[in-house]
Each structure stands twice: as C-alpha cells, then as structure tokens.
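Consider the two complexes below, in which chain A is the common component and chain B and chain C are the respective partners.
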Partner chain A sequence: MATVTLNQAEKTYPNGFKAIHGIDLAIEDGEFTVLVGPSGCGKSTLLRMIAGLESISSGEISIDGKVVNKVAPADRDIAMVFQNYALYPHMNNFDNMAYGLRNRGYSKADIESKVREAARILQLEDHLDRKPRQLSGGQRQRVAMGRAIVRQPKVFLFDEPLSNLDAKLRVDMRLEIKNLQQRLGITSVYVTHDQVEAMTLADRLIVMNGGIAEQIGTPIDIYEKPATRFVAGFIGSPAMNFLDGVISDDGKHVTVGDGVMLDIDHNIAGGRAVVAGIRPEHLSIAQAGQGTINATVRMVESLGAETLVYLDFGSKADNVTLRLQGTHNFSKNDALGLTVPADKIHLFDTESGKRL
Partner chain B sequence: MYQSKWRIFTNHTILILGALFMIMPVWIAFASSTHTREFIFQNGLQFWPGGHMIDNYGAILFDPSATKGRVTALEMLFNSMVLGLGFAIGKVIISMMAAYAIVYFRFKLAVPLFWVIFSTLLLPLEVRIVPSYEVVANLGMLNTYTGLILPLIASATGTFFFRQFYRSVPDELLEAARLDGAGPIRFFIDILVPLSVTMIAAIFIIMFVVGWNQYLWPLLMTTDDQLYTIVIGIKQVYNSLYEGGQIPQFPKAFALTIMATIPPVLVVVIFQRMFIKGLVETEK
Partner chain C sequence: MKRVQFEHSAVPYLFIAPQILIISIFFLWPAAQAVYQSFLLEDAFGMSSQFVWFRNFEDVLSSASWSRSAIFTVIFSVLVAVISIAISLFLAVRADEVIRGAKSYRTLLMWGYAIAPPVAGLLGNMMFNPLMGDLYKAFNSFGFEFNHIQNANDAAFVVILIAVWKQVSVNFIFFLSGLQGIPKSVQEAATLDCKSAERRFWTITFPLLAPTTFFLLVINLTYAFFETFGIIDVSTKGSPGGATATLVYKVYVDGFIGADLGGSSAQSVLLMIMVSVLTVFQFRFIERKVHY
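== the complex of A and B ==
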C-alpha cells in the first residue's frame, strides 16, 4: 500500500527530445490510476519513470513519501506487467513467478507458499509446471500478473497489458484485473490507449497529450466536462463532433455552419470565435423540418444495438456523427433535422482549445 | 507440395550420387587401413576390408613406434580433444561475454570497439602468426596446452553472432529481470545464457571442428612430440613413409586418418540433435 507522488517530473532524452513536460500528480493509497493518450504522448515513458526503467531528468517522484529518483527499480518495491508479458521463456511458470523472490533471498518454503497462493488467486495451479509458451495468451498474461503479485509490492504498474489479447479475452481480463486490484487494494498505475479500458478501470483518469497531462479526473468528470478540445475528442467513441462557430451578440447562441443558431448555456461575451463540441449520442432526430441542424446522410453503420450515422452539414460539408439506439433505416442523401439540448454543447476556445 | 514420381526419382539419384561422391574416399581409406602394408604396397588401394583391422588400429593406438615418434595415436587424440574443446569452449565464453558487454552496456566506445573486433576477421591467424608465436614464446608457453589454445580463442565471428542474437532478445526481458532484482551477472547467467543454448550449440560445433583441424599453429607451437595433435600426427606418419627404405606404412596412415575424422563427426552428430531440438523448442 502506498501513495505515488510526482512533482514536476520531466523527461528529456539525450537527443534533446522532451517526452514529459513537468507533471504533477498525487496517486492515493489503493487508487487505480489510468494513463491514457495517443501513441507517443509519453504515457509509457511516465510509467517507466515511476518504475525506474527511465531516469528522471528533473523534478521528483516519490513512492510512499520517499523520493525514489535515484533508487534502482528492484528497490522501489513495485511490480510491472508488460505488454508482451516478458515471461522468461526457458523457465516454467512457477520459476517465472518465483524468480524475483529468489533474488530477494526468500526461503524456499516462503516462495512455495507465495507462488501457490498467487497461482490459486489467478487459477493457474494446474499450469505451474509448464513453460509459458504452452499457455494461451490470457494465461500468460495471468502468469505475468502472478509474477507481480507474489511480491506484494507497494505499487502495480501495467504497461498496456491487454493489447496483445483478442477482443473477447480483453474484456474478461479487464474485469479480472479490476477485480484483483480491488481485492488486493494495491495502488496501481495502468497505461493504455484504449479508452474503454481507461473508462472502465480507472478510479482516476489522466489524459495525456504531447508529454502533458491534459486533464486529471474521474472518468465521468472527464466525459462530461472535458477540459480541452483534445480530451473531448479523445474520450468518447465515436469521437465528439466539432463545429467552428461564433457566439451571437446576446451571448445566448452559437452560430455554426451556414448561420445555424444553437442555444447555449454559457456566459460568454458575444462575437467570440469558438469551437462547439457535441457528442454523437447527444444529438437526436427532430420532427421533419423542425431540427436546428439540417444535414444529409453520407454513410450508415448498423451495429445492432446502435446505429451510427455519418452526415454532411452545411455548405462547408462539416462532418457530423449521430449515434442512435437500435436499428434505423436511412439511405444515402436522406435529409435529417437534428436537435441538441443547450447543456450538452461544449464550447472550446479556438486558439487554446481550452474549455469555456 | 506435390512431386511427381519422376521428380522424386531424379532428386534421389542426385542426392545418392552426391552422398557416394563424399563417402567413397573415406570408405576406401577405411578399407585400405585394414590390410597389411605389404598387401597395399603390391595391390594399391582396396575397396573391400581386409583382416588386419585390429592389428593396425591397435598398433597405432597404443604403440609409439608405429607412428615413428614417441607418442601414440591415443595420446594424440587426447591432445586434439583438449585443443578442440578448449578452443570451442573458450571461444564461446569469450565471445558471449564480449557480445554481452557490447549489446547491454552503454559505454562510449561500444560501437567502435565492436567494429575493431569485427575487423579482426580480416586478420586470420596466418597473418599474425609470427608476432603471436613471439608473444607465446616470451611468455614461456611453448609446448603447453595454454599456449596452444589461448592465442586462438578470441573470436570475431562468435562475437558477431552472439551480438546479433542478443539484439533480438526483447528489452522487456531485461527490464522484467531488473524489476525482479537481477543484477547484470544474474541476468546473464539466469536469463541470457539459457536463452542462448541453441546459439551456443551451433557455435560450439563449428568451433570444435575448426579447433580440431588446426594445423599450422600446433605445428609451430609444439616441438615436443608429447603435445602433437592427431592432425600433425598424420603429417608425421606420411613423412615417415619415405624415410628409411622400409615398406611404407600406408594402412597405419589411413587408420590414423580415419581416427582423426571420428571425433568431429561425433560432435556434429550429437550436438546436431541438441541444436535442432533447441531450434524447435526455444522461443523468445
């Protein structure tokens, strides 16, 4: 059990590339924190800095109140699960889990009981004598997690642990990880680029972009009140619709497309150029000819439980995505009128992308 | 793939002819080694074995006078074995460690040093044989096993192969081992060496055969008969064929040749199995 604190942590590579630009973060005891972002945003680098596999260029990282900048990875009392499992291929699964304990000088009986216990929790008891390659992807992933939990570390670090698994297994393992973490109550940091994993696993979500933490908050906070246009576009699938617009003189509307006025619920001076963001699930179809947004259907994707409709809007042919429950029959070039409630319109500054 | 009968027939004909072409000289040498020297002298090389195999091989193995030196074939086989094993094991160990340093430790001269090692491929033993001899002589290691083996065990080829292999080992294994509290030496012994078994077997086979067949260096190094390797022994026996007006000892020379080929063949056959097993089972 431990807290993890980052204080202006920065990472600059020898070639001058700055991967992490000063991140402040306080992870509480037992919290499940997820770092999410597109590839190259620095999320893995940050995780590896916590692990000690990357050095810290400036700032401080502390685990349980103790600054660990100069502490070797093995002495930080952390455990890490890698994307490709990183199991030792020549050792059987028992030895894979026991290796860290042996290096730390645990007694034989101790190792035996700890590994058996971990195997029991992860349902690997029947596979301890086998080599990793004799297991399926999901089982290998469990061995990798077993290797992490036998040590009862202060912090678990997960580096995209599920991305090598197929879709169904990924859902199962996601639930299993969440379950395990809650049962063991170990502080965890989890890196992923998959927003479903991020939303479902996180107690707290950190959305990263270009080496900066764009927003830190609970998944629902981030979904409902994205702090920047980047976060708004990254979290939520399909992605939020963005329309360039101007605030009307009375401040009660935003004008988008060819003079379409949408009601808004903000206090913003008139005449300002903004970006209006609307989630596909917040748009709804109005009675014929009544909608505020009139768009034509370009493509329809029926997923069974829901239907995604891609529309062109206005003379600039802005793309708008609409998400409807159930199945619907639309064909190309159908004209649809759409409405959106005022409180579901997010406004972002055109220049900075910050939420208004 | 479907193959017509005609095609199978031609393929096998070519393979069988090729195999016979390779095996025939060895067979004739073996058959000729089982006759008396008088018989060979009168009738030439023989295709069918004669009745003196035990006499000839026994004499050459245990009787020093048969090789016209003060050393038996058994002792020469032992010397060759020491040279082959020392040469192969030394090369494997040295090149594994060199490659480990080059791949896993970031020191400034790693890349230039690797190319320096690699460029020694251009300088085989024959090029540096006089200075090497001088060094070994000054160290007082002439006519010792150490002097025979040590100057030969640095291996650019081995270092290169191990370097390529280590570079293909995923970095995550190193990182996982670091988190598991393994230092550089533990990582090398516990993870890298077991993963390299196939590579080690391959390089061991090649190097053992190369070491066994060394001729020039042992010839220079060893003035004492007691340290003759079997390859040099063959040469000595053939030399003695033309001395002294006796009937030449062709059968014994052939017997020695046959014996010289057996250990490398055994090593290849035995390690080949391990090598293939390793190839099938190992997965990175």
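== the complex of A and C ==
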C-alpha cells in the first residue's frame, strides 16, 4: 500500500544520451499505472529507475513519501516481474519464491505458509518441487508473479511481463494480473508496448515518447482526447487517419485532400494549416454520392467481427482506413463515399503536433 | 517398410581417416609401446631386454621416491587447481563489474594465456634467481629465510606460484564468459530479492557458474598433472632432491635421464590409470551436482 511520486526525474547516460527528460508523476495508493510507448521511448528505463536498477540522474523518486534515490533496490520494498521471467534456474519453484523472504529473515514456518498461499492463488501447488525449466512459459510467468506477491511489497513493477507469451495465454494472463492486482490492492506500474494491454489494464495510462510523458490520463480520456498527434497515432488500432488540411476562412470547416470540406466543431482562426485526425471507426459509409470524402478501395481485410477497408483518397493518394462492423463485400477500386461527425474530428497543429 | 542399412559408403571413413591416423601414430601406438615396455627390463645400454611381468610395477609401487612424487603431485594439482580457480573467479567477477575501460582490463588479464609453460617457468626462474631475482630478494628482505634451492616447501611454493599464474588467464576467460552467460535480468531480480552482494554471489552467481567451475576443475587438474612439466623442467628441475617432481616429470627423469625405460613405462601406465580413475570420478560424482 503506497504512493509513488516522481518529481522531475531525469536519466542521462554516461555517454550523454538523455533517456528521460524530467517526468512528474504521482501514482496513488493501489492505482494501476501503465507506461506505454514505442520501443526506445524510455518506459523501461523509467520503471528501472523506480526499481533502483538504474540510477536517477536528477530529480526525485519517492515511494510512500520517502525519497528513494539512494536506497538499495532490496530496501525499496518493491517487487518486479521481468519480461523473460528472470527465475533462478538452479532453484526449484518453491525456493524461487522463498528466496526474497529468506534474505529478509522470515521464519521458516512463515515462508512456508506465504509461499503455499501464493502458489494456491496462482495454481502452482503441484509445481513447487520442479525447476523453472520444467514449466511452460505461462507457468514460469506465474512463478515470477508468485515471487513478487509473496513479499507483499509496497509496489509491483511489471516490465513487459506478457511479451514472451503466445497470444491466447497473453489474454488469460492479462485478466489474471488485473484480477490479482485488484484483489491485493497493491500499487502497480506496468510497462508495455502493447496498446491493448495498456488500455485494458490501466487505471491511468502514461503515453511516453522520446523520454517525455506525452499524455497522462485514463485510457478513455486518452482515446477520446489525445493531447498530441503522436498519442493519437499510437493509441487505437488500426491507427488514426491523418489528413493535412487548412481551416476555412469562416473557421467552420477544414479543407483536406483536393478541396474536400469537413465540418468541424472547433474554434480556430481561418487559414491555419492543421492535421485532421479521424479514427477508422468514426468514418461511416454514406448513401451513394452523398459522402463528403470520396475514396477508392485499395484493400479489404475481413476479420469476421469487423472489416478493415484501406482506401486511397484524393489526387495525393492519401491513405484512409475505415473500420466497419460485421462483414462487407467490397472489391478493389470500388468508390465509396464516407462521412464523419464533426465532433469526431481531431485537429492537431502541423508544427508542434499539439491538439487544437 | 524401412530397411536397416548396414552397408555404408566408404566416404565417411575417408573423412575421419587422417584424424584416426594421427591418433594412432601419436597416441595409440606410443601408449601401446608404454604398456609393452612396462613389462620389460632393459639393460642400461639398451642392448638386451627381458620380459619380467609385473616386476617394474612392484618396484615402482614400493619405491619411496615414487610415493613421495605421487603425494606431491596430488597436493600440487589440488593447490594449483583450487588457487588458480579462486583467483581467476575473483578477477572475473571484478572485471565483469567494470564499466569504464572494461576491454583493456580484460585484454590485460587474458594476456597470460599466450605464454607457453616453459616460458612461464623461465620467467619464474629469473624472478627467483638467488643472484638477481626480484621476488627472491623481496621475500628475503621481508625477513623470510626463503631458499627454494634447499627448502622443499619453498621450492614447491615457487612451482605452484608459476603454475597458478600461468593458468589464471585461461580460467579468467572461461569465468568471464560464464558470468556474461548469466542473464542480466536474473542478476537484477536477485538485487531486488537480496541486499547483500556477497550473499547474492554465493546463492545466485556461484551456483550458476557451477558448470563452468566443474569444467575448469577438470581442465586445471589435467593441466597440473601434465602440462606443468615445462614449468618444472625450466624452474626447479624437481629439486631439491625430487621434492618438486610431479609424476610426469619423474617419468621423464627416470626414463630419459635415468635410462630406466621399463620403470618409467610402468610409471606412465600407472599415471594413465590414475587419470582415468580421476576422470570417471569427476564425471560421476561431481558433475551430477552441478547441473541445473
């Protein structure tokens, strides 16, 4: 049970590379925070700084109100789950879970009951005598989770824990992690590059890019009101469509492609160059000849529950993705008219990428 | 139905033929010769020989100098193996932690690998030369009455020191690669679980290096048994009075200098048996405990 506070935390490597540029963050007690971003954005570095595996170049990180910059990792009362499990290969699974407890001087009986309890929760009771290499990937990850929960730490840290699992197991484990975290109520920080994991697990989502927190908010907030063009493109799958455009003189439309006017719901001075973002799921097919955007089908992907249509639009051949429920029959070079509600158009500044 | 094939083409045999030929000429034939000669008693000039069954073995086993050499060999080998493994493990762990200039450290520590045992022996010989040896003078100036020419323990110390020094770089390379084979995340998980670096080393790092350590133990014992010949021949020549003669060195001295071919062959056969037993023992009893 603890809060984690970052105050202008920065990380500069000895070679001068600045991995983290001054991040401020207050994680509340029991909150599930997810750090998401493309590889190299600094999300793992930030997590490792909280863990104490990376030093903090400047700024402060506190756990439960206590500054931990100089505190050894083992004394921070945190537990971490690694991407490749990081189990001790020479110990059986019981000892893997008991190792941290033994080093903290727990009594034998105490260790026994704590490990058995964790094994019961994670359904590992039958595997305690085995070595990690005798287990499947999913079971190994459970042992790694067990190693984290036996200590009942103040903070759980997850470093892409599901990336090494196959797709189906990943979904199961995702639910399991969420369940476990809610049941134990332990403050958690979770790093992933998978936006589905990010959206489903997070109480609060931090989208990182180039060592900066681009946006911090609830998953739905971030989906509905992305603060920057980067966030808009990163969250949501398939990615948001971006069209270069200019605000019309009356400020009520944005002109994209070959002079297509889209209604907008913003209050922006006319003549400004912008990027219009439209999510594939917010586009819909209009009656023949009535759509505002006229595009031709380039490719269709039918997923059963939904259909993704990739279209060429305008003389510059901008690509537009359309996401429809159910199955549809389109063939290449079909012409489609598309409409989009004014309140579903996101506008970003061409230069800064900031939301307008 | 699949037909079991017993007839193969001759090509594979052709491929292994050169290797078989080399092994036969340089290993199997001399070994067979040694076994044969160990049953012969030859006169000092090599003019005549007589088949004497196991008399050479009886002589060897009842000789005080052979038992002394055998005891020295065991102590020497164990000390060389244990000390050189310990030192190189320490150096490898330290060098693994170095971040700045790591490559220079590692290269310097590996350099010794390029030195041939006789050269190492020669270097040691010079350093312990009573007239100009720096180490000889240093030990004596500290107040030790160090004299490896007359004192058997001092002589043993010199041989062990040179043999260990020569072997440290080899062990270092293996330990360093062993350390780098331990996943970084396992080490990191351990830093979260255990505060004491020393305890972490003994509970995580060392057990994970066990296969490397076992391999090096075998290699180092073999080295101390056989390859230190060059070191001993150049530095102490087994003196004083055969106190630093390992079994291999004694085989050479008795056979080629003492011209007792039968006795020397019997010794080498005994050596072969000892090494086979040692190898079997190592693999059966120690290796079983080091795998994870």
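Criterion: the second predicted complex is superposed on the first by the 356 of 356 C-alpha atoms of A that agree within 3 Å, B and C clash if a C-alpha of one lies under 4 Å from a C-alpha of the other, contacts with A are read in each partner's own complex, and residues count from 1 in each chain.
What we mean here is this: a residue touches a chain if its C-beta (ideal position, glycine included) is under 8 Å from a C-beta of that chain, and two chains touch if they have at least 3 such contacts.
It should be emphasised that the depicted structure is a prediction, and the values quoted were computed from it without experimental measurement.
Superposition of the two structures on chain A shows chain C clashing with chain B. When the shared chain is aligned, chain B and chain C each come close enough to touch A:F82. After overlaying the two complexes on the shared chain, residue contacts for A:H90 are found with chain B and with chain C alike.
Legend: residue contacts after superposition of the two complexes on their common chain; A:A26 is shown touching neither chain B nor chain C. Common to the chain B and chain C interfaces on chain A are residues 51, 53, 72-74, 78-80, 82-84, 86-90, 99-100, 103, 147. Touching chain A in their complex are the following residues of chain C: 99, 183, 185-186, 188-196, 199, 203-204, 207-208, 210, 292. Within the complex, the chain A residues that touch chain C are 14, 51-53, 72-75, 78-80, 82-84, 86-90, 99-100, 103, 131, 147.
On the side of chain B, the complex with chain A involves touching residues 170, 172-173, 175-182, 186, 190-191, 194-195, 197, 282-284.
For chain A in complex with chain B, the residues that touch the partner chain are 51, 53, 72-74, 78-80, 82-84, 86-91, 99-100, 103-104, 133, 147.
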